[in-house]
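Let me begin by handing over the structure; questions about it come next.
A, B, C and D are the chain letters, set down in written order, and residue numbers restart from 1 in every chain.
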Amino acid sequence: MFTHTEKIRVRYGETDKMGYVYHGNYALYYEISRVELLRKLGIDYSKLEKEGIGLPVLDYNIKFIRPAYYDEIISVVVSVTQKPKVKITFNYECLNSENLLINTGNVTLVFIKLNNGKPIKCPDKISYLFENYIE
Amino acid sequence: MFTHTEKIRVRYGETDKMGYVYHGNYALYYEISRVELLRKLGIDYSKLEKEGIGLPVLDYNIKFIRPAYYDEIISVVVSVTQKPKVKITFNYECLNSENLLINTGNVTLVFIKLNNGKPIKCPDKISYLFENYIE
Amino acid sequence: MFTHTEKIRVRYGETDKMGYVYHGNYALYYEISRVELLRKLGIDYSKLEKEGIGLPVLDYNIKFIRPAYYDEIISVVVSVTQKPKVKITFNYECLNSENLLINTGNVTLVFIKLNNGKPIKCPDKISYLFENYIE
Amino acid sequence: MFTHTEKIRVRYGETDKMGYVYHGNYALYYEISRVELLRKLGIDYSKLEKEGIGLPVLDYNIKFIRPAYYDEIISVVVSVTQKPKVKITFNYECLNSENLLINTGNVTLVFIKLNNGKPIKCPDKISYLFENYIE
């Protein structure tokens, strides 16, 4: 398993009239957390796109346990437990400043060639980096 | 089953650098589509909040089949197949202008009292409105 | 002068914890209103981009008079009063459902070639369409 | 003058199909930068709201010089040069990772009582904190 915890401070514009973080905005929190997990492993996602490889989202699931509030620093714990093949799955736990669970989720993305949108196998240089962490 | 189709034109600011609608923005498309389904049935969600009842999201799941693009008019087909109790589930199919499936999903919300955040049974005047459509 | 009024219903995710439309979201309302003004005149902005011409924002100014609220239908009155040259300026008045002024603003965009980002003169086929409306 | 520099990494969902940060998203960057300036001075904006005081935006102006891109770390330099009275103005310069100017702007907010929306004088405990920095 390879894990990263990303600390994110809630912005005013990310709240809604109920006073909660708008549920749709967790997509952004999840996104930046997995990009930082990849960076920690040595993968620069923006470079990957410059090399012609993209990672659009295939599947996105989230269960909300309690709301998060403005100006809170929340912790997004993201992990990869399976070696990426054509797809890669990220698992999430989101905690508030009192370490209580806000939500859990998972996001599956697919490796594609950006010039034709076709799925491809995860490049060796990437799957290789996961090898020390995942059996 | 009670169904509504909402037509939504993709805004420039809703796309991302891949040229697709950013996956997180479907939360907004799904939101406005279920609010219009409720309005069609005679329920004004904003009035419900003024009466002290809220409907935060509990569970959000979406599977992406193909991307949507800037300026496209997409059709969000939303339906309710089960009478709401403490929770209400909306099922979604999102189609592009060529009637091809963009994504499918479902969102479950919970009725709460806004002053204490506690779950409550769906008010009778609302569950009643679904009765003619759902067995 | 060439004018268009766009009716926009406020989405839940566009409000903030103050219960107002988050001020940053008017950029989206202004954007879709000017795109519809152009469409009314016979200009399809998405086609323009396919032909290699873009219109990034150069200057954006907005004065807020009163807030807008969830589920309100607001009217964005957008007008062009000067023939576009390298730049085009859109003037805005945003009204709420009681016809009271929410905000006023103006946005200036610049015609560019998308392949090199360089400013260009407004294409004749576009400036021509404004001729009947602007002296 | 009181100044703060906030470093912000551009999120994927904040870009648009032109590959730039969508112009409307700078409202969020400006927002979090002024909140951090206030925090540095000893003012916790979220506490201010709990005490019944809000700071909605009155005036927002931004001039774009060059675009910012995905995954860039941009520096938002925000400063206050005049003692706040009923209003407070923040001035901005946004720089990219090569220290080139992305945009400049200013945002004026007004102190209000949240229970009635009426403007009030900046609380003494706040204006006092600016005194050592602004003549």
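Please note the rule applied: a contact is a pair of C-beta atoms (placed from the backbone, for glycine too) under 8 Å apart; a residue touches a chain by one contact, two chains touch by 3 or more.
Everything quoted here is computed from the prediction, not taken from an experiment.
K.L.:
Name the chain pair with more contacting C-beta pairs, choosing from B-C and A-B.
P.N.:
A-B
K.L.:
Based on mean C-alpha positions, I'd like to know which chain lies farthest from subunit C.
P.N.:
A
K.L.:
If you average the CA atoms of subunit A and of subunit C, how many Å lie between those two points?
P.N.:
34
K.L.:
For subunit B and subunit C, let me know how many angstrom lie between their CA-based centres, rounded off.
P.N.:
28
K.L.:
Between subunit A and subunit B, what is the separation of their C-alpha centroids in Å?
P.N.:
About 24 Å separates the centre of subunit A from that of subunit B.
K.L.:
Which subunit D residues reach two or more other chains?
P.N.:
Answer for subunit D, listing residues that touch two or more other chains: 12-13, 17, 22, 24-25, 27-28, 31, 49, 70.
K.L.:
What part of subunit D is in contact with subunit B in the complex they form?
P.N.:
So the residues of subunit D touching subunit B come out as 12-13, 15-17, 19, 22, 24-25, 70.
K.L.:
Quick one: in the complex, what on subunit A touches subunit D?
P.N.:
Listed in rising order, the residues are 9, 11-14, 27-28, 31-32, 35, 44-46, 49, 70-71.
K.L.:
Can you check the complex and tell me which residues of subunit C touch subunit D?
P.N.:
17-18, 20, 22-28, 31, 49, 54, 56-64, 67, 114
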